[in-house]
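Quick one: the structure is below, and I'll ask about it shortly.
Read from first to last, the chains carry the letters A, B, C, D and E; within each, the first residue is number 1.
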Amino acid sequence: MAAHHTPISVGKASGKAKTVQTKTSFNNPYNICWSPLERENMHYILEILQKRFKELGLQKKEPPTRKRRPRICTKGQKGDNKDPEEGSWDVMQEVPMESSEEEQHQGWSNLEVRKQLAIGINEVTRALEKDELGLVLVCKSVKPVHMTNHLIQLSCSRAVPACQVPRLSENVSALLCLKSVLALGFMRNSESFVNEINAIIPKVPPLKVPWLDQTTPQQDVVQKDPETPAKETVQCVAPDGDVKLRGSQKRKNDEVTGTKQDSDISQVTLHPLKIKRVVPNPAKIRKQKGNKKKK
Amino acid sequence: MATNVKDKDAYLRLNFLYQAAHCVLATNPENVELARFYCHTEKNISKRLVLRQDPSVKRTICKKCCSLLVPGVTATVRQRKCRQRQRKTVVRCLSCGKTKQFLNNPSYVLWGDRPESQPQYPQSQSKQVATQKPPVNSKTAR
Amino acid sequence: MYMHLEQCPRHLLVCEKSNFTNEKSRHGIHVQSHYFNYQVNMLIPECAVLPSELNALVNSFEKYYLVKNVPVYELVEQQFIDRFVKKGSVYALSYNTQIDQDNTVALLPTGTLILSVDKDTYEELGLEGKSSQYSHKAVMRYVITVDLKSLVPGTAKNKRVMWALKEKLLVKCDFLIMWNSPGDEDFSLSTHFEKYQCKEHAPAVSTKVLRDLPYPVIQSCDLRGNPEKSCDASEFMEWLGAVTSEIECNNEASNFLSTFCCPEPSSVMEKAYLCTVTGFLLPENICKLLEQLCHYFDEPKFAQWTSLTVHGFADSPVSWGSAEHGFHKGGENFYNFVVFKNRDYWLQMAVGSHDGCPP
Amino acid sequence: MALAYIATKEHSPQESKQAKAFIDSFLKRSLHNLQEEEIQRHTDYKAVVLEHKYNGKKTQKKKKSKGLSAKQKREMKLFHLKPEQQRSVFLPLNELWKQYIRDLCNGLSPESNPQMIQSKLLKADFHGAIVTVTKSKCPSYVGTTGIILQETKHVFRIVTQHDRLKVIPKRNSVFTVEIDGFITHVYGSKFQLKSSERSAKKFKLKGTIDL
Amino acid sequence: MAVFVDLNIRQTSDKNLLRKTIEIAAHLGYSTIAVNYVIEFQDKKQNFIKPIPVNDLFNSLPIVQGKSKPIRVLNRLTVVVSDAVQCIELRATSPHIRLYDIVAVLPKTEKLFHTACMTLDVDIICITVTEKQPFHFRRPPVSGAIERGIFFEIIYSHATKDSTMRRYTISNSLSLMQICKGKNVVLSSGAEKPLELRGPYDIANLGLLFGLSEGDAKAAVSTNCRAVILHGETRKTAMGVVYTMKKNQTLLDKEEDEVTHPLSKRMKT
């Protein structure tokens, strides 16, 4: 491991500055993170959600006590069909299934509202990929972070307003009586949440993904008017087929790139080089250092 | 701050290539081969000149076909179940199907991200903290 | 090691014997296809004063223009092509450029522009061309031919040629240019090139009468010449060369200059008329001169034969037609007509040492 | 009979075209993995295992996934660019490259001496540079200009003004790259290295700059 | 063939003699000449002479006879090397070398000839013409030099001076020709006075005397010299791969009235 250590003299009181061997490594120039949310915006959003959910009374009804698999386990189902009631892990996220028509007495109180919502990271991710969401809210208490980080790039590339709301999980999961709700997405043309979306969107700080913003700066991220005629989307959910959307419309993307004028080229900026110095991990078990003569 | 790094030009080049790959992908999402080529070159350079890449960079490059893993364009991210208790995030590269798995273990912090890994961190504390070995689980992608 | 020294460089002399009257005779084509002529020497034995028609003809050679520092794309300009190249025939040759060192340009009356360029220019210019056959081991010279008549204004080829000659690499040289217009010329070359200091030149004519000149006896029938009666054509050619360059060929002891003596069997002509015209001469004029020489023998004359030698330019990229003109040490390419009384003629064509055989 | 979602839902006009591009490329990519008949097989019938065969605790040996073999790479056409590229798309790339070079030669000021720039450019990356062929043994290459998309061992792949992807061999041609008042001539025949090796290789002065 | 070049016009202290020589060279038809500065390493540290910039030699360069372009003047350094220690000075990075377009070496001993052919970064190896060749040419160093693109130079002006020199020149060059069979040979004058210059075609004929074939002889005065100049030019580029220069300079070249002061980077190729 010919790590070229660049000795960094650590300013220490004791006379000889002990040089600490550090390994330099090329760091990721972009740091993709959620844009911070002001305090009163956060409260405002939480109140709206609580008020709205109380009105709708969307409840997660527990299935009867006998233990049977309430959901039909679909073959090749990519989605995680974890039984809702099991799992005491503090980090557990709901993957309620897209309820199909026959199973009426689902665990949810009313179905239409449930369809306008995407609850759970996987469902939000899938909906975002199919670009059906108008707004995405993510809870700040997620640990480790990489579970929801991919949502930043996803929503930015789909130009969907998204933001991280601290303590989202406690408030909303209590209402929906779920264990925890880490990600919440509102369908683009949902009727019942129309005014909520309108209210929240202006509060949502614009997302900044460095390499994405360069090319589409002039396109405003925030404004989304959900009042577009909510034409019922022809959404035939394959009864048991793969949920992933089969892209049927091939849209030539040349009109996409064609419209870009030269104006935005100047915004392309090369992020400066970031070098990270790391002290080698003493705990890491090394190959017998003894016989391999150091220098 | 990286003034006296040994081969600064090579690092500059890695930096350029990484951002070029992103830029090409951003302007024309169809152009995955080109982004893949840039990441391939980047990987080659760092292998040949023995330059270390930070896990944050390595996690965005597919090991098998070294294409840029951008969730939503070239990769899909799902939370999957592994052993009863544990849950993991799976990043699946679309062009070659290779998956990268990260355990959702709240207490695990990459060594690089730890405070005591930074050189400026006063040496004294780093001794005790390091003794409590981070649970090194093999599944976590380096 | 000295095997190079013994053999002197080879020389090429092609002799043809034919008669003006028979229709297959190719004298017309030879004269017509030799586009760039530098000098014409006419030797008429036994005559002191030139007959009037010949005299008129000799002085009637057209004037030509020397244009300084002209970029080559001027010749490719559409306006130039429509005005001049399409009507009548234009002869242009780059002046003051060595064929074996720098780029030489020639515009043939058939409308093809020939650029013989060196390696650096060829690689930068961007026009497709062939490598010249006469370059030594490493190819240092390329020949690019562009057919101006087929250049349609809008096409990509035309744009490419214009771009190459204009923006990519500005090739400039001085030009000798001459336009054989079909008469109704509403614009002239000088007006077209006035921004390039276009000067008009007339061919220089010089005449000389030689007294009692020994000359080899030749018969029109045998080119090889039988031992006593007549000399062969190459000896006659050497003698003619000596006469035109005014070398006495009497081989006296005191003459240090040349030990050349008139080939046997020889006799003496008491007077001969030598007229030389130098300049940028049109093949059409030389054709007229040749016919006039044939009519010279309509009336009875003492002379057995008359000779007409035409020298081509040493630095022209083409010698006969569009054949490439090889150049090693000397770039000679000339031909000589010997017209006999009975309308027979000898045509001798000679070329430099490293050149292809004349047609 | 591929089950096709008809995502014909009509988006709000402000919906950015950009997002469209991302979705399409994502869908196109995810679609082509499963060929037609596979989808067919997937949807029509389901294999039912009659008796439950327990074959012991199969220790799933963690097979270290070896990378793609060269043959696989070629089949998958990993680095094969699609012919129709759009030059306007790569202008940001060029802008990026210019800033990279400026950083590399720490500020291209007129008086910084060309010697230093030369040695830096030797090891620099040329992807995204606007390059012109000034001299070449085969004259029809001369004059092509374009942005370098890909640089392989023997060839530059450039996209020209009229959006055509051209492949220019490096051998026997001289390329010029112009940035901030400096013209750099790159002699292709001495450049026959993979772009990644170039930064590692120590160059020895051999041969002349004649084609 | 390329343009005619005389690579060796001895640099003399008084300027007008040098100016007259260059004018005669232009008149004879040479389009490029190189003014040669010779360095003998008698005393330890002999200072290097700065090549005089050409523009104070001539205010306007003489026009080559038979052409409309002015003559091109280069600067050349010849180092007479008698022992190995002096070779260090010949490294490409040394400041003195950078001032010159062409670098030549005159090795005195066999070992130095070998090092010159195989390792030294030079363009020309001169052949002694003034006295008996001290060592025999052997094939490996010569073929190594040919493969590296280094040229052997034969100076003819001594041969015209007196008969003994003529004998040595011819015998030395013949022994060289046996080995290198006419490849990579350059003929140049090495003239101090205008009288010693001869026309390019005569030199091509003289080449026959030295054992060159007709084509090789003419190449010796034109194509090979062009290759030497390019070899010198390569030293300026970074390892012969990248060659950067300021933009305004190339515009300057376009008008062909470029001024050849040592640092100017003329875009030759």
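FYI, a residue touches a chain if its C-beta (ideal position, glycine included) is under 8 Å from a C-beta of that chain, and two chains touch if they have at least 3 such contacts.
Note that the structure is predicted; figures quoted are calculated from it, not measured.
A.B. asks: Which chains are in contact with both subunit C and subunit D?
C.D. replies: Shared contacts of subunit C and subunit D: E.
A.B. asks: From subunit A, what is the lowest number of touch steps before subunit E is reached?
C.D. replies: 2
A.B. asks: Among all other chains, pick the one whose mean CA position is farthest from the mean CA position of subunit B.
C.D. replies: C
A.B. asks: For subunit A, which other chain has the most distant CA centre?
C.D. replies: Farthest from subunit A by mean C-alpha position: C.
A.B. asks: Among all chains, which one's averaged Cα position is nearest the averaged Cα position of every protein chain shown?
C.D. replies: D
A.B. asks: So, what's the distance in Å between the C-alpha centres of subunit C and subunit B?
C.D. replies: Spacing between the chain centres: roughly 78 Å.
A.B. asks: Could you give the separation in Å between the centres of subunit A and subunit D, each centre being the mean of its C-alpha atoms?
C.D. replies: Centre separation, subunit A to subunit D: 29 Å.
A.B. asks: Quick check: how many Å separate the C-alpha centres of subunit A and subunit B?
C.D. replies: Averaging C-alpha atoms per chain gives centres 19 Å apart.
A.B. asks: Roughly how many whole angstrom separate the Cα centroids of subunit D and subunit E?
C.D. replies: Here subunit D and subunit E have centroids separated by 46 Å.
A.B. asks: Quick check on subunit B: which residues sit in contact with 2+ other chains?
C.D. replies: Within subunit B, the residues that touch at least two other chains are 12, 15-16, 19, 23, 26-30, 72-73, 76.
A.B. asks: Counting only residues that touch at least 2 other chains, which ones in subunit C make the list?
C.D. replies: 119-120 - these are the residues of subunit C that touch more than one other chain.
A.B. asks: Out of subunit E, which residues touch more than one other chain, so two or more?
C.D. replies: Residues 269.
A.B. asks: Which pairs of chains touch one another in this structure?
C.D. replies: Pairs satisfying the touch definition: A-B, A-D, B-D, C-D, C-E, D-E.
A.B. asks: Which stretch or stretches of subunit D touch subunit C in the complex?
C.D. replies: 134-137, 139-143, 211
A.B. asks: Which residues of subunit C touch subunit E once you look at their complex with the stated criterion?
C.D. replies: Within the complex, subunit C contacts subunit E at residues 1, 4-5, 9, 69, 96-98, 100-102, 118-120, 135-138, 140-141, 170, 173-174, 328-329.
A.B. asks: Please output the residues of subunit D touching subunit E within their complex, sorted ascending.
C.D. replies: Residues 110, 114-115, 117-119, 121-122, 135, 174, 178, 181-187, 190-191, 203-211.
A.B. asks: Spell out the part of subunit E that touches subunit D in their complex, as residue ranges.
C.D. replies: Touch list, subunit E to subunit D: 92, 121, 148-149, 226-227, 230-231, 233-235, 237-248, 250, 265, 267, 269.
A.B. asks: Touching residues of subunit C toward subunit D in the complex: what are they?
C.D. replies: 119-120, 122-129, 160, 163-164, 168
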